Every structure is written in C-alpha cells, then in structure tokens.
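Let me give you the structure first, and then I'll get to my questions.
Each chain gets a letter, A, B, C and D, in the order it is written, and its residues are counted from 1.
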Amino acid sequence: MVELAWLIPLLPLAACALIMAFGRRLPGHGAYLAVAGIALAAVLSIGIFFQMLGHAEPYEANVRWMLLGQVPLDLGIRVDALTTVMLLVVTVVGSMIFIYSIGYMHGDPRYPRFFAYLSLFAASMLLLVLANNLLFLYAGWELVGLCSYLLIGFYFEKPSAARASMKAFITTRVGDFFMFLGILLLFLHLGTFRFEDIFAKVREGALGPLTIGGLPLLTVAAVLLFGGAVGKSAQVPLHTWLPDAMEGPTPVSALIHAATMVAAGVYMVARMFTLFFASPGREALEVVAWIGGITALMAATIGVVQDDIKRVLAYSTISQLGLMMLGLGVGGYTAGMFHLMTHAFFKALLFLGAGSVIHAMHTNSIKEMGGLAKVMPSTYWTFLIGTLALAGVFPFAGFWSKDEILLETLHHNSTLFALGALTSFLTAFYMFRVILYTFMGTTRSPRAHPHESPRVMTGPLWVLAGFSVVVGLVGAPFLGNPFQGFLHFEGVKAVPFSLGLAAASLGIAGLGIVAAYAVYYWKFVPSSALRRAVGPLYTLVVNKYYVDELYAVAIVRPTLWVAGALRSFDIYVIDLLVNLIGLGGLGLARLYRVVDIYVVDGAVNMIGVAVGLFGQTLRYVQTGRAQNYLLVIALGVIVILAAGLFR
Amino acid sequence: MQVGLTHFLVVSALLFCLGLYAMLSRRNAVAILMGIELMLNAANINLVAFNKYVAPAALNGQVFALVVITLAACEAGVGLALVMAAYRNLETVHVDEINVMKW
Amino acid sequence: MSWGLEIVKAVGLTIAVFTFLAVVAAMLGVLLERKIGGWIQSRLGPKHVGPQGLLQTVADTIKLLQKEHIAPRAADTAIFNTAPLIVAVAGLLDWIVIPFGPNLIVRDLNIGVVFFAAMASLTVVGILVGGFASNNKYSLLGGLRSASQMISYELPLATALIAVAMQAGTLSTLGIVNAQAQRGWFVFLQFPAFVIFLIAATAEVNRVPFDLPEAESELVAGYFSEYTGMRFALFQLGEYAEMFAMAAMATTLFLGGWRGPILPPVIWFLLKMYLIVFLLMWTRWTFPRLRLDQLLNLSWKLLLPAGLIWILITGFFITFF
Amino acid sequence: MGELAAFIILSAITLASAVVVVTSGNIVRSALSLVPTFLGVTGLYILLQAEFVAGIQVLIYAGAITVLILFVIMLTEGGTGLRVRQTNEQVPLSILAAAVLAVLLVGVLAQAPWPRAAELLPQYTASGIGEALLTNLVLVFEVTSLVLLVALMGAIIVARRER
C-alpha cells in the first residue's frame, strides 16, 4: 500500500487537469471528479495509515532528476508517522470540504474552475507533505501559495478580494524569501536537499563550528526557515494577510486558511525539528516559542472585538496556529502536531458552519444575526460541538491537545504558560460570544429568511462534528495516549499527564464561557460598559494593534521622508554649488571665448574637415552588401590561418 | 590503404570551401542558404569523424552533430522566412539588390 | 566495416527484388482498388479482361508501356525525367526494413524505424520537383500542396513511430516484432499511436480523403498532369509501393508482424498487410475530400499534440511500470 | 579495400553534387543537387559507424530542409529566374579565397598529428546518444529545445503576412 504513496498527489492533479480540459462537460460540472480524486487519495491515505500503524518503518522512494555538476538532485517521497498524520488530515478534511462545496458553490458561474483550483491545491499540499527533500517541499510550498492566491481572489471582480489576494501573496512571499535563503544556506554547506541527509549531517555536527555574523549558522538557518513558516502560518509580524484572506469562498477559508495550508508552516517546523532542536542552546526553538506565544495572545484579543463571523474565526486560527508553534517551541513535538490535527477537524467544521450560516443569512456580521438555533438545528448543534472543541471543553478534541500544549509550556517557562492560559480563556470567551450573537435571542435583521442548508452541506458538518468529538481521544492519557506512541521525537521526553493542570485548563475554559454568558446573554455587564472600562485598550485591539498602520508608518513613510530630504538637499546644496560653479565658469568662458573662436575653432574645424574627407573616402567601403563583408571575413580567416601556419 | 581520420577531414574541408564559395558569390539568398547548409554538413562530418577516431567512448561528437542538425533546421526555417519577408517587401531575393542600409 | 558495401548490396537487392514484387503488388493493388470501389458503389468493377477482370491491370500496364513519352516543350527535361525515379526508388527503399518473416528481411538495420521515416520523407522531393518541372500551374500547385501536406504529416507519423519504439525499447523493426511477442500486439497497448499512424500514413501517401495534391476535380491530376506512359506508371508504382509499405509498417509495428498460429509467417504477414490495405481503400471510397486548411489544422492542431501527449504518457508508463 | 572504394565513391558523389549545387545557373537544379550531396554525407556517416546520425541526416536534411528550400524557391522566383545572372561580380575573388582556404586547410590537416584512441565505438549508438542527451548533456538538450522553440516562433512572425 505504501508503495502507492506517489499516487496520492497525482489523483487530485489528474482531476484538476481533466476539469481544466473538459469543465462543464463533465458530470456535475467537474465536482464529482474532484471529490472522487480527493476521496481516492483519502482511501489510500487511510490504508497507508493502518499499514504504518502496524510497523512504523519509514518508506522512501527516489527518482534521479539530474546531475547538478557533481551533486545529484533526487526527487522523492517519504512516508513516516508525521507524513501519515498530515496525509490523513489533508485528505479526510479535504474530502468533507469538497463535498460541502458542491452545495455551497451551487450556481456559481465559475463552478468548474473552483473545483479545479481546489484539486490543484490538494495535489500541491499532498506534494508538500510527501516530499522527502527541501526542494520538493519548497515546490509544494509555493504551489499552495499560488492556489491560495487564486482562491482568495476567486471573486476577482470584487476589488477587496483582488487586493486581499495580492496582500496574501506578497506577505507570504516575504516569509518565503527567508525560507529560500535558509534552504540555500543549508544546501551550500551540506550539499543536499534530502531531509535525512541533512539531519544526519547536523547530528554529526557538520555545521557545529560555523557562524554567520557571530551567530551560529545552524540557528540562522533554522530561523530563516522559520521565517517561511511565519509567513505561511500567519504568525506575528506577517499575520495581517490571513484575516483579509476571508474574502475567498468559505470552503476555501475552511480548507486552506484554517485546516491545511496555514498548518504547513507548523508541519515544516515539525519536519525540520531536528534542525531546530540541534541549534546551540535551542535558541531557534526559543524564537519559535515566543513568536507563537505572542501571536496566540495578540490574535485572541483581536478576535474578541471582531463582528464578522469569518474574521473571528480567522483570528482564532492565527491564535491556534500560534499555540501550535508555542507547543513546538517548548519542545512539545507531539503536542504541537496533535493540536494541528484536532484543530484541522474542528476549525474546518466551524468554518463550514459559518459558511452555512452565511449561506442562509447573506451577511457576515454576527450583530445582524440571532435566533438561528431554531431554524438551523443541524448547523447550530455542529457549530456548538466545534466551539466546545475549540474552547477546550472535556471531552472534545481541543481539550486533549490544548491541555498537552499547556502542560509542556508550564514545564518550560511560566511567562509562556501565562500567555497560553490567557489565550485559552479568551478563546472560550470570543467563541461563545459568536454563538450567543448568532444562534441565541431573536433575529436582528427582520428581512432575512434563514433556512437550513441542504443535506450535501450538513452531511459533512455532522461527519466533521463526529471527528471533533472523538479524534481527541487518540491522545487521551487514560487510553495510554496512542498518538504519543505513534508520533514522537527521539530525544525529547513528553511531560507526564497532570490531572491538576487538566482541571485548571478546563476551569479556564469554563471561566471564559461563563464570562461570555455574563456579558452577552444575561447581560450582567453590558458590553458597551465593558468597552468604556478598558478604554484605550479597546481602541488598540479594535484597530488590530495598528500593525497594518505600523507597516504604513514604518516602511512607506520613511521612504517618502528620505526621498523628500534628498530632494531638499538636491535643491539647496547641490544646485547652489552647481550654480556657483556655473557662474565661475561663465566668467572664465567669456575670457576663453576669444581664444576659442580663433585658435581652438580653427583647429577643430581643421580636424573636422580632415575626418570628413577621410570618411568620404572610406564610405565606399560600406557597400551595404553582406557578401562583400563576408569576403573580407574569409580573407581575414585566411590571413590568420596562414600566419599561424608559416610562423 | 586504410581510410583514416585525415581523409574525412579533407573531404569535409573541401565541402566547407565549396559552401564558402557559394556564400560569397551567389546572388540568390536561397543559394547562399544552401551554401551554409553545405558548410554545416562539413562541420558535422568533422564532429562524427573525430568522435570515431579520437574519442569513441563518449559519443559527444555524434550528439553534437545531432544538435548541429537541429540548429541547421532552425536556421533554414528562420532564414527562409526572412527570404520570404524580403521577397514580399522588396520583390527580390538577390542580396546585392537588398542594400537599403547602404550609405 | 563492410557497412558501406552492405548498404550498396542491400539497395541493389531491394531494387531488384522489390521492383518485381512491387510491380505485381501495385497491379494487384490497382485491381483491388477498382474492385472494392465497385462493390462499395454497387457496381461490378472491371469484368472483361481475363476471368472476372483479373487481368485488367495487366492489360492497362501493357498499354501504358506502349505509350509515347511526352515532355512539355518548356519543361526542364532533366528534372522532369528524374522526378518519377526519385518517387519510385524512395517508395521501394522503404521495404528494406520490412520483415516478412523471421529471416525474410533485407537488412535488419538497428535504426530501422528512423530509416523508414527518412525514406518516406524523400518522396516529397520527387513530387515537388516533378510538379515544378512540368511547367504547368496545376502541376506546380499540386506539388506545393503535396509538399506542405507531406511535411505536415511526417511529424505525427514520427510521433507514432517514436511511441512504438519507446514501448519496444528498440528502433529495429525485427526487435519491435519480437517485443510484441512478449507484450502482445501494440495495437492494444499503443492504440492512439495506431490511429495517428493510420491517419498520417493515409495523408502521407496522398490518398482520399487527403488527396488534395492530385485532386482531379480541381487540379486536373495535380503534380503528374503532364506525365505520360512509363513515367506516369512510375509515379503510380511509387505511390502504391509507398502505400503498401505503410500498410506493411503498420502490420510490423502494431499487428505483431509475421507472427500468428498454424499458417506460415509470410502468409500471416500478407494477410495482415492486406487487411490494412483494405482499410485504406475502404476509407477512400467512404470519405469526402478535406479542404486544405482543414487538412493542415488536423495535422498541426490535433494529430501532432495528440502524438506528443501520447509520447509523454508512454514515457510515463515505461518509467514507472 | 572495400572501405576505401566506398569512401572514394561517396566522397565523389558528395563533392561532385556539391559542385553542382554551388555552380549551377538553375537554382532548382542547385537545390535538387543538395539531395545527392546530403545522401553522400549520409554514406560517410555510415562509414563512420554513426547510423543514427545518418538516419536523422536523411530525415532532416534530405527530407525536410531540401523540401523547405524548394518550397521557398517556388514561392519566390521559381523558374522565372532562369535568365537572371546568378553570381555577383566577386566570383574571381571568391574562387581565390575558397581555393586558398582549401589548400591551407588541407595542408594543416595533413600535417597535424591527431591523437588516436585505441578503443572502438560502441556497436549500437542510438541508445548511447539518448543516454548522453538526458544525463551529461542535458543542458545542451534543453537549450537546443529552447532554440528550436524560439526559431519556430521567429519564423512564424517573420514570414507572417502583415495585416
């Protein structure tokens, strides 16, 4: 089964090619083909998963691509525990979202193209996951970026969507640039792209003594690679693209900007964990942990004040990705990947639920919704399950994974733990804010006629809800934490389960929920009073910490200012000098004029006339006939040859 | 007498000079192109002959002969397209009448 | 190192043997053509010379041989007389690499398929200069049409040949037949290549529906309008030799060559070859002629891309299976 | 002995028809004479055991380039240019240049001590060429394909009728 792994990315790719070629002529306008492609890939992935479960021997296959000088470039795939988990997440969540899209995109004028892009995305993501070398990974990495660009800008006639797609593409490209530098740095010093070779050389200490600008080269390379992850996984300070990416269709937000692509950064850090782990003093991991922690808290605070349901979820995604990074950064390899997996399921579920709501209400603002629990029971219950999972309520999926991350963090650094715990509280708070605004009370826009979504949309919701309930159990301590046994990193010991911390984390989540009920349901404290109470903090948060503005101030303004300063310098200093010199020159010139007219001009005219006469004679050489020139060339060759021969 | 490298080289040199003559003296642009084809063929004979007699293990000579044939096809295509364009615009294919660039 | 001599011997042998064979085959071919045409159109076809009209083409040939050779006054006589020879010889040289049986092959060249394509491409020169030398506008137009058509269809033909050679792993025709003994007839494995080959071959030998170069209703008779007597017969001979060579090549490449149970190899080979010939004749009497732009579009926009894609697919399957 | 005879015959065919190519006053005959020239060169390739190159030579040169040349002759002047002077006024100088170059080249070639390799060419070269093209010379292969593409586009653009 595992030998067929190369087929997994090819199936969606073939679907994409066929849809591109035949489009509307296919059954279901191409949708069935796309679903078939990803579903077959999912079946293969599940088969591989069970095979890997039996005996966890990593499988590798290589094809020689070309010789670059003496260095062979191999293209290949690698299937190990990490890959298997990612394959499962991408294909299973992907299948659900594909099916959901059949209903959600129904009637769209570019329906086949949507499925072609989705399939292309799935193929690229699977390529990224299966790659056994940095080159392949980077190819997949850029391809998913391209698909993200295409899909965010799917409604490209909307200016905001077009702008958002550009922003996403350019912002992530900043990160990719660093990542490319990191890859080149590694290739330059190690001469290979293959993960296993890189790790082997790093473990031997091949990079040990090398430094760049006083910093250990290994740390620099790892942090550069992490730069790519910062861009792709929307970490601070490159997080600004992800909320804007919500301009894309909701299934896209669910698949790409919540469950899979943005997780690619986390996956990459996990894949290159050996490298990060080996950096002296684990400085690289510290960077990862702090960036992750800060991102988690910052995004969670912004999420509290957003009114657009998709943007709340987007900030929640950023925050959760930060948590994963935090988990990885403190050495919780298993914890980070576990949270990635659970998060993929419940976040996809939440997005699809939000899509279902938007589908019914034709608005994104939660302030205009309300009372939907009665009209859309399926959506309500599945959304509630997803929310509970995200908030980390026992026994839903998020509880187990978040708890594991907090556990690892607590053993590492108490400040980071505080960040994580606060994030946890805020997460529960803003998610229940959404629930209360959307599904409870009475509807606030009387003209809307909400209705339950079709089966093809609710079906995937229920499946994903089921996963969200049970998938956490694979990491449950009382079942012996089988996930830990399947996927772990040699060299770090997992922190043992602590009942007290689990209770505390549940308590934090409960506190968040109760707080949300207090403010938005029972209205003990009206939200406007709360807003006034925190005053400037609210302004700061509602403006997203002024990051976008900061970019404008930090990059655009200085450039303009420097240009203006240079202009003044030009006008007042250089021009003055020039004018002075000019005046001096003018005086001298008057003096020289006399000499010029009679002496110099005479000489110049003489030379001119002489050159003219010479040219008059020589112009006959330029016959304008190529064959004359050729003849001269041939004679020249003969002369050279003869000179060489009779020297 | 054994046929050796020099024999082939001499034939190729003669073929080359015939091509050169055509290139220098013919008025018709197509005839000039034919001369160039002859010269390319001469070069190819050299490549293949050296391949056999000097470095038989590598086959590089034959590969380059194939590349030269490919390039000759390109050259013929582009050259003849130029001739067609010139004929259409100037109504002549004689290169000594195409001298718009002259002083 | 007797390569040079061997090729001279081979050429001599081919011309000697196949001239005879081809004359017979061509006469049979013409008869078949007329008979099949008759049946398809619910006529009887030639009926009077010999039993059931079997000797009709013999009589026609004798008549042609007796006819006067006329060259137009303004014709370039030397070229006019060479052209049919080029066509006939190029048509016959194709047969060097056709294996009629395990040992019945003139030379098993290790570049057999390339040789076949090369020889097939030589015919164009004869047709083009024949059309030019006649000094007749219909002939010239026919020659030019033929050149553009044959050059265009050589490429799809070559893609089909390449795909088969890749599948077999050899360029030798004998090797390809042997490869089919192990992997089954390539008409199954290489079905798209077979279709491309058949269409391109039909165009390559200027047969209906691709007979623009000699379209009677438009160009009198195309490039051989001015030819009479034996030289006309040589053109016909070359054309029929080429057509049979294409059929033989299709047999070799796709239908397992001489291989088959019970009957001797040669019989099998001829059976399969005549099956393809019949197919070609059937199309001739069934399809209307294409327009020139349709003809070129078919080659460049459909057959060539299809052939290239098929080569890619073949390469993919060879690499990974 | 047989090899020498073959070599002499092939060289004679090649050179004689090349002379016709460069001297004939009838451009169509010139072009037609290219065919035996190319076939003679093909024969030389076969003598040099380069069968695959020989096959390609016939396919491309004799089959395609000659036809292309004939095509253009017929689209431009065709037979109408028969009465027109075919050579320019630098014929004597050209003959001189070509002859001197020939003498010099033959002189150089005759006295140069070429290194001789002991080993022989591999028997079947087509597969070897394919392997070389896709491994060591892959860059050459790619660049050639690029040149081919550019030439294709260039030819189309140059020859297209202006609208």
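Just so we're on the same page, a residue touches a chain if its C-beta (ideal position, glycine included) is under 8 Å from a C-beta of that chain, and two chains touch if they have at least 3 such contacts.
This is a predicted model, so every value here is computed, not measured.
Show which chains lie in contact with subunit B and also with subunit C.
Shared contacts of subunit B and subunit C: D.
Quick check: which two chains are joined by the most contacting C-beta pairs?
Greatest number of C-beta pairs in contact occurs for B-D.
How far is the middle of subunit C from the middle of subunit D, if each middle is the mean of its Cα atoms, in Å?
Centre-to-centre distance between subunit C and subunit D: 27 Å.
As a quick test, compute the distance in whole Å between the mean CA positions of subunit A and subunit C.
The mean C-alpha positions of subunit A and subunit C differ by 59 Å.
Averaging only over C-alpha atoms, locate the centres of subunit B and subunit D and give their separation in whole Å.
The computed centroid separation for subunit B versus subunit D comes out at 6 Å.
Between subunit A and subunit D, what distance separates the C-alpha centroids? Give it in angstrom.
Result: the chain centres lie 56 Å from each other.
Of all residues in subunit B, which are in touch with two or more distinct other chains?
20, 24-25, 96, in rising order.
Going through subunit A residue by residue, note those that touch at least 2 other chains and give them in order.
Residues 625, 627, 631, 634 of subunit A each touch two or more of the other chains.
Give every touching pair of chains, nothing left out.
Contacting pairs: A-B, A-D, B-D, C-D.
Within the complex, which stretch of subunit A touches subunit D?
66-67, 625, 627-628, 631, 634-635, 637-638, 641-642, 645
Would you tell me which residues of subunit D are touching subunit A in their complex?
Subunit D reaches subunit A through residues 88, 90, 93-94, 97-98, 100-101, 104-105, 107-108, 135-136, 138.
State the interface residues of subunit C toward subunit D in the complex, per the touch definition above.
Residues 1-5, 7-8, 76, 78-79, 82, 86, 109-111, 114-115, 117-119, 121-122, 124-125, 128-129, 132-133, 135, 140, 143-144, 147-148, 150-151, 154, 158, 171.
Flag every residue of subunit D that touches subunit C in the complex, lowest number first.
Within the complex, subunit D contacts subunit C at residues 2-3, 5-7, 10, 26, 28-29, 32, 35, 43, 46-47, 49, 51-52, 54-56, 58-59, 62-64, 66-68, 70-71, 74-75, 78-79, 124, 126.
Show which residues of subunit A lie in contact with subunit B when the two form their complex.
On the subunit A side, the touching residues are 619, 622-627, 630-631, 634.
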